[in-house]
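Look for subunit A in each of the two complexes below; its partner is subunit B in the first and subunit C in the second.
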Partner chain A sequence: MKRLINQEPNRVARWLLGLLPFLLLLALYVGASNARLAENPNDKLLPSFDSFGSAIERLAFEPSRRTGEYLFWQDTLSSLQRLGIGVALSASFALAFGVLTGAIPYVRANLSPLMTAVSLVPPMAILPILFIVFGLGELAKVMLIIIGIAPFLCRDLQQRVMEIPDEQLIKAQTLGASSWQIIQRVILPQILPRLITSVRLSLGSAWLFLIAAEAIASTDGLGYRIFLVRRYLSMDVILPYVVWITILAFFIDLLLRLLSRRCFPWFHAQTGNN
Partner chain B sequence: MIAKTATFLVSPTHCCGKLKTMGFLLATFFCVFALPASAQERDKFSICWSIYVGWMPWGYGANEGIVKKWADKYDIEIDVVQINDYVESINQYTAGQYDGCSMTNMDALTIPAAGGVDSTALIVGDFSNGNDGVVLKGESDLKAIKGQDVNLVELSVSHYLLARALESVDMTERDVNVVNTSDADLVSAYTSDDVTSVVTWNPLLSEIVSMPESKLVFDSSQIPGEIIDLMVVKTDVLKANPDFGKALVGAWYEIMSTMSGDSASAKAARRAMGEASGTDLAGYESQLASTRMFYTPAAAVEFTQSDDLKTTMQYVAEFSFQHGLLGEGAPDATFIGVETPSGVYGNTGNIKLRFDPTYMEMAADGEL
Partner chain C sequence: MSYIKIDKLWKRYGDTVVLEDLNKTVERGEFITIVGASGCGKTTFLKMLLGTESPTGGAILLDGIPLVAEPSEERGIVFQRYSVFPHMTALENVMLSLEFEQSPLLARLFGGARKKARQTAKDMLEAVGLEQALHKYPHELSGGMQQRLAIAQSLIKQPRILLLDEPFGALDPGIRKDMHELVLKLWRELNLTVFMITHDIQEGFYLGTRLWVFDKERIDPHAPEAYGAKITYDLPVGQTDDALLQRIDQSLNQTEQKKETLHHGQ
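Moving on to the complex of A and B:
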């Protein structure tokens, strides 16, 4: 008899096992929702799937009565734009910062303690300062994402650069490479796939800061809509939005993973991770 | 709790986050499921309230044992629970966790009533008489608001006040750009140059008005009696348990008579309420000055019985309908019936909000 830790489910069983908790949750929801709706057909807390359907149809496929926009797509576009700009700027900054501080001891001595201190400040606690410095518009929202995730990315990348084996750097120097050439040809190529990994890990926080920024002051966005209708307990809008955010986050993560595999196959072969 | 679940759900990338999310969802379902609203006769009740000038008496009454005294008189138990987030307290009430909750007339119509929870305004406590206002930076004429970004809590009484203010100068919401801004961040947001006009309530309002360049251009004393603070209870619970209503109303007017007037004990009561709301006696009294409290049941009954209440509820219903707050099934503003002593506004077949002065009348007649 095989030991439990050596028994592997086959492909089909793995799918079914993975799917089971989702189905259980769904069944639980439907049961609870039906029970509440039987008592009060207008219950807003656990709406039926019909009301989800009509909420989605109203927000995604009918122009809004007030502005004529398709709110769902408008919200998605605004949020993705903010998230994209915030994450892209954070990643570029972190790449430059990480490579420089990781490779050049003088820069590291100069900037690394500051970044450590900055990364420990909880961004939500200094909101009033952010309002005064960056205003209340798009800039403030993007900046909140950057302040939220850039310090983590910077510190992580600095660490990754410092993990590059000394042997490689010495070898490159033996072959006559200058500091700049080493950064460009030895460090940068090895650090790019690790940047993608770090960005994937920081996306969760990036979403959190995006939603927080949109909850504070906004006229559109996924977080804006959720916090707006929260006032009216419109779970028929909130739950589909939450599912949509989960789907978006999943696909962004998948996309980054595929990008990394395509561009840096050597990295994935070497580390054995997917 | 629901909103917290939603916040958790938005950081779903890590697997442990997902597990937590599921745990939260499960917990939510179970507690929601386990505590259905029951209309049967019983002897244990709970009400919730949140911090606001007109509702501080509930906290005081609970601390001083006044609520318990009246509950004991009718041989029941009443739990008085303070909830730190106003909207959350109404949501909890609507979801069935509480038998009563303090809220404004507009929120009573758009959250529980629109959510199918038949609610009765048991106590009409006060109306805002300057506690809500429109503030412009550097301009003293409301007309200057045209074309500006206006920061406020969207779909709240502030939004309603803005709509009424714009109406008074022949403008509509199309003339401004409403920016939803969280009330917790409104004061610090106002210090930013981006923000040129806000609509908010006290104590935030007095904080903002005291800043340089700020001009109060419209306030709720210009629409007196339209923003009303209530104690709302479930209609079926009240019907099955009249003692619950009697005890609450009795306790309320005892607190009212304790806190009104110039005696030392009244001042001490007001000081306690002020401190509980994070200010002091002077701060609380300045908020009371812009609130028309009904210290006697007779005044509250008279206000409730006037024809104006029905007209007010019509304005509120029309505003709510235009902003989609009566639900998608609502074909027009009269979809939800509002019962007042002077008649029903809207659909008599779908009455979900009732202004019932019966219990306040008992208090006025000394029958409690």
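Moving on to the complex of A and C:
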């Protein structure tokens, strides 16, 4: 008998083992839900799958009686738009910041301490300031995402740039490169896949800040809807929304991973990660 | 006037003397191999030639002019590792210096200029035996092929000095032999001036025209950092017998041992 640490499950076993906790959780829910509903058919806490179905149908496939919109899709679109703009702006800013501070000691000495200080400010604590300064519109929500994740991305990318082996920078200099040329041909292309990795890591926080901003001041969005229907204890809406957000997060992560593997095969071969 | 003049060269870090009072001249086309115990300043010396370290005293003169204290096109380098760019194919790696030279702003060439640079790079890759691997990324190449690529990348600039920092240290013995043939061939054909650090004293005797041994002549047990290393042997290669080789080997081992005991004593 081999040691436990040397035993690997085969493909089928791996799938089954991975699936098992999900099925158990599902069974647990159905059992508990049925028990509660048997006692009180109007129970709202653990709705049956039928009520999930009708809630989804009402929100996703029937126009809202008040506005004529399909609320579910409208919410999804608004949230993804905010998330996309916030993450894209943060990533672009962090890329510029990371490359400049990582490559140029004078810029690093000048800006790095400030970024460290900024990254220590809890973003939620300055949310009221954002609403005061930027109003209650889209800008404040996008700004919260940016303030929430950009400092982390900046510091991470600076670190990644500084991890590029000195040998490569010296080599480029012996090949006659100027600082600008080194940034362009040696640093920037090598930092792009690392940017994708950092963005993937920061997406969890990005969702957190998005939902927080939507919960407090918004008229649509996935976070807004969840916090709105909380008043009526509408678990039949909240739970499908949470599952939907999880699915979206999963696919965004998957998309970024595939993009990185496709565009930067050398990076994944080099680091051995996938 | 000699090609390279090492003039009263000193290197100290605080109270620690690494190199003391080196004086040598090197002519164009010489192939100098450098051996020595670890911590005897070989790498520091190479870094001063390269420009990433500057001398505490004295200077290294190339054609009578002190070397600039940052890496430049005059000096090519091949490190033991990380010498090539992982995000470029072999061909792109070699073309890169031509693009740096001809396109200051974009560092990229287009059209006819690109075609010409490609051809030059191809010829260079053929000269080091990599014509089969033009479009492969470094991670798809073996250790020996990566070092071939690093050499091609450096030589396309026709550097006035080629520095090799234990370039074959991580390679298998058989591959190392092929690399020796390659380096000797290129050195003869292109009339290079080469400085090469090696751990392997046999390699040193086989490859160069001149062998330098870096060693500490004196070690004060109470202040082991008080004396730096010097070049204790400067031998023309090809005229040495086994007895001398053994003597050098022994003296290097002694230095290592002395250092070890000092470390343990502390």
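Just so it is clear, the second predicted complex is superposed on the first by the 274 of 274 C-alpha atoms of A that agree within 3 Å, B and C clash if a C-alpha of one lies under 4 Å from a C-alpha of the other, contacts with A are read in each partner's own complex, and residues count from 1 in each chain.
The criterion applied here is as follows: a contact is a pair of C-beta atoms (placed from the backbone, for glycine too) under 8 Å apart; a residue touches a chain by one contact, two chains touch by 3 or more.
Not measured: the values here are computed from a predicted model.
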{"item": "Subunit B versus subunit C as contact partner of A:42, first or second or both or neither", "value": "first"}
{"item": "First, second, both or neither for A:185, with subunit B first and subunit C second", "value": "second"}
{"item": "Touched partner set for A:173, first subunit B, second subunit C, both or neither", "value": "second"}
{"item": "Greater subunit A contact set [subunit C / subunit B]", "value": "B"}
{"item": "First (subunit B), second (subunit C), both or neither touched by A:135", "value": "first"}
{"item": "Subunit B versus subunit C as contact partner of A:122, first or second or both or neither", "value": "neither"}
{"item": "Which of subunit B and subunit C A:217 touches, first, second, both or neither", "value": "first"}
{"item": "Partner chain in contact with A:270 - subunit B first, subunit C second, else both or neither", "value": "second"}
{"item": "Partner chain(s) touched by A:68 [first = subunit B, second = subunit C, both, neither]", "value": "neither"}
{"item": "Subunit C partner contacts - residues on subunit A that touch it in the complex", "value": "165, 167-168, 170-178, 180-181, 184-186, 189-190, 264-267, 269-270"}
{"item": "Subunit B contact footprint on subunit A (complex, rising order)", "value": "21, 25, 28-29, 32, 35-36, 39-46, 54-55, 58, 65, 127-128, 131-132, 135-137, 200, 203-205, 207-208, 211, 215-219, 223-224, 226-228, 230-233, 235, 238, 242, 245-246, 249-250, 253"}
{"item": "Parts of subunit C lying in touch with subunit A, wherever the complex brings them together", "value": "50, 52, 70-73, 75-77, 79, 81-87, 96-97, 99-101, 104-108, 137-140, 150, 153-154, 157, 159"}
{"item": "Of all residues in subunit B, those that touch subunit A in their complex", "value": "2-3, 6-7, 9-14, 17, 22, 25-26, 29, 32-33, 36-37, 87, 91, 94-96, 110-111, 114-117, 151, 153-156, 177-182, 185, 188-189, 191-195, 324-325, 327-328"}
